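One structure is given below, encoded as structure tokens.
Each chain gets a letter, A, B, C, D, E and F, in the order it is written, and its residues are counted from 1.
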Amino acid sequence: MKVGVVGASGYVGGETLRLLVNHPDVEISMVTSRQHVGEYLHRVQPSLKGFTDLTFSELDYDKLTDKCDVVFTAVPHGTATEIVKALYDRGIKIIDLSADYRLHDQAAYDKWYGWEHPHPDYLSKSVFGVPELHREEIKKAQLVSCPGCMAVTSMLALAPLIRNDLIDTDHIVVDSKIGSSGAGSGSGTAHAMRAGVIRPYKPAKHRHTGEIEQELSEIAGHKINVSMSPHAVDVVRGILCTNHTFMKKDIEEKELWKLYRQTYGEEKFVRLIRDKKGLYKFPDPKFLVGSNFCDIGFDLDEDNHRLIALSASDNLMKGAAGSAIQNMNVMCGFDEMNGLRYTPLTPV
Amino acid sequence: MNCPECDATLNIPDDASVGEIVSCPDCGADFEIAKKDGSNVELKQAESVGEDWGE
Amino acid sequence: MKVGVVGASGYVGGETLRLLVNHPDVEISMVTSRQHVGEYLHRVQPSLKGFTDLTFSELDYDKLTDKCDVVFTAVPHGTATEIVKALYDRGIKIIDLSADYRLHDQAAYDKWYGWEHPHPDYLSKSVFGVPELHREEIKKAQLVSCPGCMAVTSMLALAPLIRNDLIDTDHIVVDSKIGSSGAGSGSGTAHAMRAGVIRPYKPAKHRHTGEIEQELSEIAGHKINVSMSPHAVDVVRGILCTNHTFMKKDIEEKELWKLYRQTYGEEKFVRLIRDKKGLYKFPDPKFLVGSNFCDIGFDLDEDNHRLIALSASDNLMKGAAGSAIQNMNVMCGFDEMNGLRYTPLTPV
Amino acid sequence: MKVGVVGASGYVGGETLRLLVNHPDVEISMVTSRQHVGEYLHRVQPSLKGFTDLTFSELDYDKLTDKCDVVFTAVPHGTATEIVKALYDRGIKIIDLSADYRLHDQAAYDKWYGWEHPHPDYLSKSVFGVPELHREEIKKAQLVSCPGCMAVTSMLALAPLIRNDLIDTDHIVVDSKIGSSGAGSGSGTAHAMRAGVIRPYKPAKHRHTGEIEQELSEIAGHKINVSMSPHAVDVVRGILCTNHTFMKKDIEEKELWKLYRQTYGEEKFVRLIRDKKGLYKFPDPKFLVGSNFCDIGFDLDEDNHRLIALSASDNLMKGAAGSAIQNMNVMCGFDEMNGLRYTPLTPV
Amino acid sequence: MKVGVVGASGYVGGETLRLLVNHPDVEISMVTSRQHVGEYLHRVQPSLKGFTDLTFSELDYDKLTDKCDVVFTAVPHGTATEIVKALYDRGIKIIDLSADYRLHDQAAYDKWYGWEHPHPDYLSKSVFGVPELHREEIKKAQLVSCPGCMAVTSMLALAPLIRNDLIDTDHIVVDSKIGSSGAGSGSGTAHAMRAGVIRPYKPAKHRHTGEIEQELSEIAGHKINVSMSPHAVDVVRGILCTNHTFMKKDIEEKELWKLYRQTYGEEKFVRLIRDKKGLYKFPDPKFLVGSNFCDIGFDLDEDNHRLIALSASDNLMKGAAGSAIQNMNVMCGFDEMNGLRYTPLTPV
Amino acid sequence: MNCPECDATLNIPDDASVGEIVSCPDCGADFEIAKKDGSNVELKQAESVGEDWGE
């Protein structure tokens, strides 16, 4: 199958390509960038040196549609509103990595993104790209919107708790920690000022809140509010979400094990991590970098009726390109693990 | 045609025209197409800059 | 004035010495270690190379009492129960950096530390060493117990909110992030396995909870519970506490400014950080490393009636040795800033 | 094919397993450890969580021989002298990752390792495991000794220069920089004291010198001395060797390109990196982490007739486990790239 | 005394201010920036929050001369040629941190900086600002040029060897490793692409070579060539220079101790580090961050007649602002250590 | 008395006895007091080990 990548000079575009060059079922036929047209891919994506002789092309919708069966769009939100629509109208399959088609509700989009969506009627055409939640819809979709990296990590931990109505939905605190690649290549702080930070960068009203609320509300059957605060920490890749929740009535650890096993027992890319021994006791992105896992664990604070659901992922993998490939596999009928059989790199 | 700097095979598109820049896949040297006459191509060097640190 | 340091081979002992060698009012007369008796200090504390020719001595209570007016104890908790008592009984001033005399209530000690305190009657002799909360008592104390590093950082942010009864005390979530020096030199994980972590290491029931609850309860006049979860991140020094609280009734940012200014306006080691511009918008230990500051800021999440109080410190400074020196200055009538006039090292 | 790993609880053992679980031609049948017998692999090797249900066994030579066609030994040098011999005598194929059978000359071993090799007659039975230099011998070997991580990285850059007699062999300076995983899990410094170092740890007489000298001398046909100095830097994985050499007569860059292309043009795991543009101008382990590449580049300092040959690798991949798998592929007639088709993880 | 800082928004300007706010003999009366005129200093230099209420001014030569007795210029080279001349002509004392007046020889400047110096006649008016080499001249100077950070670190280690004619001057290899703050705030790579590098960024012909050659040649009495290669590593602050030299005739360690003690025994900011025990065996910037030390050590590789002279510094301190303050102290007759009594921050 | 390795002044306490280890403040060499006769002290070297990496 032939695939194209729009926004191939960015981190997410690069990671998508890193996975595609080794994917057994696809061939990369076109990659685009505005700034690097004509340049060899490896000049901008050094890890691809030796893997491809492709050069960047301009974004030409007709050529893309001509050359590709599926197109990945990995451009900043706002920008993707037009690109995705243009491709959609040409009938091609699209896997969008931006936030532009994640929210189904126009008002929500306008609130969280601070401008009016130019094509609100297309919002409903898009499937929210978390196979663990929407696998059947993804199979039939023309347009899949990959989730935000912190959003997917958090919601996979919270979903079973919401679905089973176990927690007080007025006090869901999602405290996230994320590495520097999460900011994209376009807006990264220089190393000297970014190294060593533990920086709360948007303690209230972060945009990913919107997606988490959408998905959890859908599961709950009523509107759920989430209190999210993201922090920048000194890693390049990786997310940890500490999801602090308060139990409606006290639950035992054993029931939690059961609940999470029921939900994710068959999932290939969710691992349950809650060990009393060894090096890996709770989810930590350190131990999944380079893989497509979302690791989930939990702990109980009986004094406060608090249930801490912990979840970790690699923001460029399950948080972006890994999810994109997983969605492609589901959409195109490939084995869901193809191109994603990566053991985490440890230690790194 | 080979790269004057490192001897790698340069990939010059048939429809390239005078003034266009071609870049060597291996060493990154940039060349401007100075003359072109069928498949006979003459190149001239273009400049590029490095990082400058620790001063 | 002559001072001694017990546990001088550890991180906190070393930091205390780093500050003492440049303190205008003191002379170091004795430092102890079990493992390095007779060795030059700089072999274990490399930064002291060139600053002192002292060698480590054995812990001999009589010699210590003889040679010193004040003794800093920087040994693991448990261990300090005896050492502090022995010194106390000899009538000398003590600044303890362990957790052994922080809690005033024996039951609380036994709960959080998992064993029976051998000298519970001494618990009441100790003053909790946060000058911002207990300056007058510290002036008169013979024994001051320096606070836990995450505890002091968190409580300074929360105290004004509690004192003014602004928040729902059933849902105080303290999500802390701390660097590797917080673990001490005795128990550090090897670099390859510690670098790059975002590791929740005790999501529930961390010991510092006890101190925070003690101090906040005292301020509130009734028992306060705190939901604390600490995380290890990839810095050497530094703590960020994200204190998520829910407001009883909505407050405006302006009132928060007023509240924090009233509380800390005269304090030399508390800075308010909440800027709409520039590089430093919310507290981040990156910008205070090497100094004795506790930086405090806040943000409002009106959707959820959430007030996020943020606080940062250097765990070896305000979180340990800096507080110890500040306490000494208060106890001994020195200028409170002496030996602590350090501008943060930025960038580092 | 059935394989076993001795020393499976270490970093190199773990990385070997990480590659083996995804290798198409093998099945892991036994892994050993002294300290973790009976324990699940993932307790010690967290990245393997979900990939295998194996537990650690004791080192039992008969069982190993019985269950495995090939055994990887990843134990400290010294220790491997006996283990490798015991397995060799049982007729099994061995890929040793320690230094014990790298040197062919007993006197050299005794000099560099500071004790007498107990089985010097076995030294000649071992092939030095760098396929780029000894592929034909490896094909026929029963025992292959994988090279030291800094040694292989350095020698691949220097070999073409020595073979063509281009440099003054009295002034070969190999300045190496390596990450913390290079120290192994048994001897790592704690994070707080290891983070941020640029530490020269053995400026003269490092053991890898012996191997580099052996291999370059063999190529030269006469004894070559090398001036090597390794440095610890703040990464987990990765090596850079800056090989400073002085030219016998001045060479042009174009000739260097030709020389290196001739030598490595057909090699799958050597890339030439010397770019005037883009992010990746000279070898840097940053851009090959997780892959089996050794990247080689060069620069000329005409003022001093100096030719700087630069080489980089991932110490756990090409520097250890990657080479081991590559050697296995060559020994066993598998495609040399099997189990090693990893694109570097960038950025990480 | 009143001082000004030109280029106060950069890293070096910021570090100079960090030292000046605590210097007992000075008052800061004016600081300039082009981009931040009118802005509070702490918006750009977060660590100064709470230390000063100054705002940035435009660069106005008359005002500067009016308000200041000494001016520090911390702007990019090229730019400083005019600024320094303008101030010099107004008769004020200048401490320049750029490279523009370091070289005395116009031809050397033009070669290393790639353009013609516009005021070559001023080159001879400047004293090279290394008190350990030129203290008497600095005392009388109107214009002092602070050395390059890698240059001063390297030359302090090499000077005694050259002065005593101990080494072969055709094969001096200076392999330097430096942190990200060395690149300045104007040109830093984003964290995700800079973290984890071991990057050779200018293996041949780096500009600092010119200064090192100038100073060593002056000491030797004849032209000395130096083979320098700098590398970017993953720290924010710190430089290590591994100076590989070859001895004319073999020397013993004891003689080296003597030589370095004779040279630097009285120097306050040079420490000799060559220990057989403890944590700090050879120079490593880890153990001097935040201080003005240049630490020097050595090792012998008798096999190759190689003498490795090692030297480390904090690039923003001894490598820039620390040297600037030290020079000011010498020029103005203050105690040379004033404002520089900083114990290194360890661990950090 | 000076350090045999690096010539630094060694600080040997008056009450030091034979068999005791003295360590040099500068170079870290350890010496055992081999003989002692008033202020006449004879030293012999003691061993120490380094870090061993990257193999």
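Everything that follows uses one rule, which is that contacts are C-beta pairs under 8 Å (C-beta built on N, C-alpha and C of every residue); 3 or more make two chains touch, one makes a residue touch a chain.
In UniProt terms the chains read B, F = Lysine biosynthesis protein LysW.
If you're wondering where the values come from, they're calculated on a predicted model, not measured in any experiment.
Student: Centre to centre, using CA atoms, which chain is the farthest one from subunit C?
Tutor: B
Student: Count the C-beta contact pairs for D-E and for E-F, then tell me which is higher.
Tutor: D-E
Student: Based on the averaged CA atom positions, which chain is farthest from subunit A?
Tutor: Of all chains, F has its centre farthest from that of subunit A.
Student: Can you tell me which pair among B-D, E-F or A-B shares over half of its residue-numbered contact pairs with C-F?
Tutor: Matching more than half of the contact pairs of C-F: A-B.
Student: From the mean C-alpha coordinate of subunit A to that of subunit C, what's the distance rounded to whole Å?
Tutor: 38
Student: Taking the mean of the C-alpha atoms as each chain's centre, how many Å separate subunit B from subunit F?
Tutor: So the centre of subunit B lies 66 Å away from the centre of subunit F.
Student: Would you pick out the residues of subunit E that each touch at least 2 other chains?
Tutor: As it turns out, subunit E has residues touching two or more other chains at 11, 181, 183, 192-193, 195-196, 201, 234, 236, 239, 275, 277-279, 281, 289, 347-348.
Student: Could you pull out the residues of subunit F that touch at least 2 other chains?
Tutor: Subunit F, residues with two or more chain partners: 23, 28, 50.
Student: Which residues of subunit B touch subunit A in their complex?
Tutor: For this pair, the touching residues of subunit B are 11, 21, 23, 25, 28.
Student: Quick check: in the complex, which residue numbers of subunit C touch subunit A?
Tutor: 170-171, 173, 175, 177, 192-193, 195-201, 203-205, 225-227, 229, 231, 233-235, 238-240, 242, 244, 246, 279, 281-286, 289, 299-304, 306, 308, 310, 312, 347-348
Student: List the residues on subunit E that touch subunit A in their complex, please.
Tutor: My answer: residues 11, 179-181, 183, 185, 188-196, 234, 236.
Student: Would you mind writing out the residues of subunit B in touch with subunit D in their complex?
Tutor: 5-8, 23, 26-30, 48, 50
Student: Contact residues on subunit A for subunit D in the complex?
Tutor: 11, 14, 18, 21-22, 39, 42-51, 181, 236-237, 271, 273, 275, 277-280, 287-291, 293, 341-348
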